[in-house]
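In structure tokens below, several structures.
Common to both upcoming complexes is subunit A, partnered first by subunit B, then by subunit C.
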Partner chain A sequence: MIFLIKLSLKNLARYRKRTAITSLSIAVGLAFYIFLDSMIIGSVYDSEKNLFMYETGHGVIQTEEYWKEKDLLPLEYSIKNSSEITAILDKLGVPYAERTNFSADMIVYKDPYPEDGNLPVKVTAIDYKNDSNVFGIGETLEKGRFPQNEEEGIVIGAWLAEDIGADIGYPVTLVTRTKSGYYQVIDLEITGIINTTNPVVNREALLIPRGIAEIYLEMEGSITDINLKFNGSRNNSKIISLLRKELSGTGCSFHTWQEMVPDFVIASEGDMKGSGVMLIIIFIIVAVGISNTMLMAIFERVHEIGMMRALGMKDLSVKWLFRIEAAGIGLLGSSAGVLLGVFINIPLIIYGIDYSKMMREGNYGYRMIGIMRGMWHAEAFITAFFAGILLSFLVSFIPTRRALKKDIPSCIRD
Partner chain B sequence: MKLSKIALRNINRNKRRSLLSGSAIAVAAASIIFLFALLDGMETDLADNIQTFYTGTIRIIHSDFEKNKKINPMHLTVKDPDKIIEITKRINPDIQVSERISFPARIYIGSRYFNAMGMGVRFPDEIGFQKIEDVIVEGRFPETGREVLLGARLADKMGVKTGDKITALSATAGRGSNAMTFTVTGLAVFPLLEFTNSVFMIPLETGQDFLKMKTDVKELLLKYKASSDQDAAALIDRLRNETEKNGIKNIDISYWKDINDTYSMIAMAEKMYMIMAFFFLLLGCSVIINTTMMVIYERTKEIGMMKALGMKNSDVVKLFFLESFYIGIAASAAGVIFGVIISQILHHTGINFQNMMEDMDFEMSTVLYPVVTLTSVVTIFLYSVIIASISTFIPTLRATGINTVDALKHN
Partner chain C sequence: MIRIENLKKTYHAGETDVKALRDINVEIEKGDFISIAGPSGSGKTTLLNMIGCIDTPDSGQIFINGKAVSEMSNNEKALFRRENLGFVFQSYNLIPVLTAFENVAFSLNLLGRKEDEIKNEVNKLLDEVGLKGMENRRPDKLSGGQQQRVAIARALIKQPAIILADEPTANLDSATGEEVVKLMKEMNRKHNITFIFSTHDKMVMDYAQRLILLHDGNIQSDIRR
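Showing the complex of A and B:
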């Protein structure tokens, strides 16, 4: 085997140009894959960070009935025994934030607003101190202040404020229904504007004190969500299984952050699949290049093959000689590809691609506000490196078989 | 003997080598054709959906609506739409017009309410404008009065079927609230997931009555095949002049590409496409160059032989260029044809992206149909031929630079 490896390496060195050219096409393909992967992984990483910090935490506890109809935000299914649940969380040492989400119609009037209008909104009632156990909203105040617990004040997202022409001190009217289903009107004053790195929060956030929700929505001490933050890993399976066990029989259940934001999970998984398809197309193109090179190498060396076989080299050894040679090209191509990948990844990480206009306008699943930045992803580099070698090695199987079809005399005569 | 004849003979003589180098070019060309067809399909689809469902080719709205659109100012309406339609038809009778009132609403089912987007339209006009008959999957479209067509997934969410009644609540143009009950006459699956998820459509007059708008509409969408952006701009200028002359005030007439959030999205998407296309062209390029250059390096000995027999350097370069040029033409043609066939098959069957687009504000259809354009066919054909031909120069020039004896000795 060592002889075969040595001979293959000698051949690679002998046909330096051919080796270099073929390696180059492998390198370009792999670098493209690394680029694409870096962009997706970078976006996913930023989005996850922004989801945990401002939207979901690492998961949520809701009543089972509420979870089934969560899109409709049904207050009547809120958690009535929240102290029982929080005692479990205290016992397990899991930080939590209690929140109540409800839907409302937000009404604004001309003067001070530029126009009369209304829009359907989702409002979140929070206890500002308790909320910081899980979320980072507290550090994102751009203007004004957070209201006191029973103050009729509201904090809104910066983009929402810009969209409706709102500012500190402006009045807001919310028309909603109480937990018992009666209509209720809440008049509030904007006391603060938050600017986070999460586009959904910037575009939609309306935060009121929990004390106000308690009074106006007649919550009777109940809340709709208990968001959690796990120490260490975001998917702390040990704590999750303990928690699920403790929650059984309470009427409440735990749901992971992935279950809370299916739009993001779908978008990121779709893109991962997309990059997988890209990788296949890249490999097809590259495979044609490699197989051409190998075929050419073999056809040009029929005479040489004949000679080696005549001198007693076994067919299997001849096959392995070419396979090792192909793997050698793969190794060179993969190394160059990984290196090229590093080079094109640097500007992607430092400068990124500016998608701020698109992210400002609509929800595309990802939670980042502008620059889509790449990321170092060791797995992609390793995958690319070994895939390049493996592909090259596998592609060489067909041409090597063809090399041995001819009998020895006709090989030598060729 | 003519060089072209020798080139053809060389190609023929070593069929296997010619096939190998051709196959690389063909695969690269076919892949790029398919990718471009997919990207063109996306762009066409986006442009078509934006014009059909959101803006028309030209949109007429109240001049203050756009800057306040997020708060749904229902009182900012377009007055006297009949007059504007008359002016439009006088300028160009072929323009399709859609009068619309879109409004946010809540639909009540028992103790639950669902956020939805209401849309008042003239159904007979929408047959031509958005091919409404094609999207109805059950029942029929509303004819008069309090009838409603529901997005199929909205109906499913609410547990409503054809024949059931629903009650919608919305803010009126007079800033009050109004509720109205409708009978569901049909369900629709629109190309846009957002519509299937949240839209309910009612007859325009019913919408005007519901929202207390008298004969006003929220917007007039004009659709026509603009031969160019300049052509559309000229039409918009005429419309502006004519409406002003007729005393119609407070309206904004805009071309779809100039409406803020729509075309900027296409431009953003294009940025992404360009990066991908660039990489694929580069990859295709590297494979083509790789194969072509290799074929020539392998033939250094042959070059030496030709030079020894008295062939001039320039003729050797020309000969190899011609060989590659002919192979390039044949292989590019084969690759382009193969790419077109694959794209055309998918153009008819479509590629379903529904799962990837759940809950996204993306004006792209759930099923995408790749579109092969003449421009991309010609560009990619020429690109492949040119790359294949040009890439012969470097190795041939180098090979001809080596002295004849060394070239003959080359292994």
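Showing the complex of A and C:
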């Protein structure tokens, strides 16, 4: 076998240009896969971080009825016994933030705004101090301040402010319904503008003090959401199962962050699958390249194959000779591909690619603004490296069969 | 040593049947230096291929050292060739990426010999065939005559029972061709290896101790000198 490996390696050097071109095509394909994977993994990682920090935490507790109709934000199904739930969380040592989400119509008038308008919105009532147990909103204030607990102030997302032409001190009117279903109008003044790294928050956030919600929505001490943050693993299965056990019989249930943002989960899973499809396409290109290279090598060396067989080399050894050659091309291509992947990944991780315009324009499910950064993903490097070699080795099976199709006299004669 | 009985071979080219060997019966002794001669299409190469176990007869038998080689499986034939037969081809058929040394060592590599053993034997033989100092040259840096010497050394190195050479001088000028035949003759005498070679060349035939003349797949004459 060592002799076959040596001979195969010498043959690789024999067709330097061809070996280099085929290896390069493998390298470019694999590097592209590594690049794509790095971008997706990086985006997913950043998005998850931004989701936890500003939108979902690691999960939420809501009443079972509320969860079923959560898209309508039904205040009537809010958590009435929140102290009972928070006692469980204190016992388990899980940090939490109490929030109330409700729907409203936001009305703005020309002067000071550029024009009259109204907008259906989701408003979140938070306790700024308690909220920082889970969320990082407190550190994202771009302008102004957070209102006091019973102050009639509102904090809005930077993109929303830009879109409606709002600024600090501008009035906002919210038309909504109380928990009991009566219409209510809340007049507030913008006291702060937040700019987070989560595009959904920047585009949609309207935060008011929980004290104001308590008064105007007649919440009677109830809240709609208790968001949680798990220390250590974001999917702390042990704590989750304990929590679910404790919550049974309270009328409330726990839902993971994945259940809360299906749009993001679908987008990221779709992209992951997309990178898998890309890998398959790359592999098909690699397979065609290797197959073609091996066929050329075999046709050019028909004489040699005949001679080696005449001298007593077994057919299986001839096959192995070409398979090792193919694997060698795969090894060169994969090594170059991984190296190229590393070189592409370094600036991608340090500087990233600026997609801020795209992210500002539309919602793509990802929770990141501006710079999309790559990420080191050892699995992608290992997959690319070994798959490149294995694939090269496997696709050589078909051409090597051709090497032995002719009988020895025909090989020597042709 | 070699006994050929009623050997027949027909090639099919489209609708045409070409009878390459009609009914060959011949016996060859160990240490013979035999030339198989005849015009193109007389069956010289086919007969060599049959003896060399790289082609299969339609009927008839070939016995080498008592073994019916035509009945062997492909793998058995490969092993038999590896251990007992050496080949010299018209166009040398050296492996271009290997040096003269490595080309000669190829046969021993197939036999799984140890590196030290290979080194000693190959260097000794290259010296014997007049290629000392050219061990590290690749085929493209050798003349036609030198390449054929490498090919002869490659066939000889494993001390086979038989060396088969298909028109070994056809690609060489007459002086170089004579040198090559002289070398083959010397090796035949020195190592007592049976040489069977096909040729058109009268000069080459003159060196043979036995001349088998083929015509249309039949032995026309078998002259021992």
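Everything that follows uses one rule, which is that the second predicted complex is superposed on the first by the 408 of 414 C-alpha atoms of A that agree within 3 Å, B and C clash if a C-alpha of one lies under 4 Å from a C-alpha of the other, contacts with A are read in each partner's own complex, and residues count from 1 in each chain.
Keep in mind that, in the parts below, a contact is a pair of C-beta atoms (placed from the backbone, for glycine too) under 8 Å apart; a residue touches a chain by one contact, two chains touch by 3 or more.
The model shown is predicted, which means the values in this text are computed figures rather than measured ones.
By the touch criterion stated above, A:87 is placed in contact with neither subunit B nor subunit C. Shared-chain residue A:315: touches subunit C; no touch with subunit B. Look at A:407: by the touch rule set out above, it reaches subunit C but stays clear of subunit B. A simple residue count on subunit A separates subunit B from subunit C, and the partner touching more is B. By the touch criterion defined above, A:346 lies against neither subunit B nor subunit C after alignment on the C-alpha atoms of chain A. In the superposition on chain A, A:307 makes contact with subunit C only, not with subunit B. Legend: residue contacts after superposition of the two complexes on their common chain; A:390 is shown touching neither subunit B nor subunit C. When the two structures are aligned on the shared chain, A:382 is found in touch with neither subunit B nor subunit C.
Residues 14 of subunit A lie in contact with subunit B in one complex and with subunit C in the other.
Interface of subunit B with subunit A (complex): residues 16-17, 20-21, 23-24, 27-28, 31, 35, 64, 67-68, 70-76, 104, 106, 111-115, 157, 171, 175, 260-261, 264-265, 268-269, 271-272, 275-276, 279-280, 282-284, 286-287, 289-291, 293-295, 297-298, 353, 355-362, 411.
The residues of subunit A lying in touch with subunit B in their complex are 14, 17-18, 21-22, 24-25, 28-29, 32, 35, 69, 71-72, 74, 103, 105, 107-108, 113-120, 160, 163-165, 181, 262-263, 266-267, 270, 273, 278, 281-282, 284-286, 288-289, 292-293, 295-296, 299-300, 353, 355, 357-358, 361-365. Residue ranges of subunit A in contact with subunit C, taken from their complex: 3, 7, 10-11, 13-14, 303-304, 306-315, 407-409, 412. The residues of subunit C lying in touch with subunit A in their complex are 45, 49, 52, 54-55, 74-75, 78-83, 85, 87, 89, 91, 93, 95-98, 106-107, 109-110, 154.
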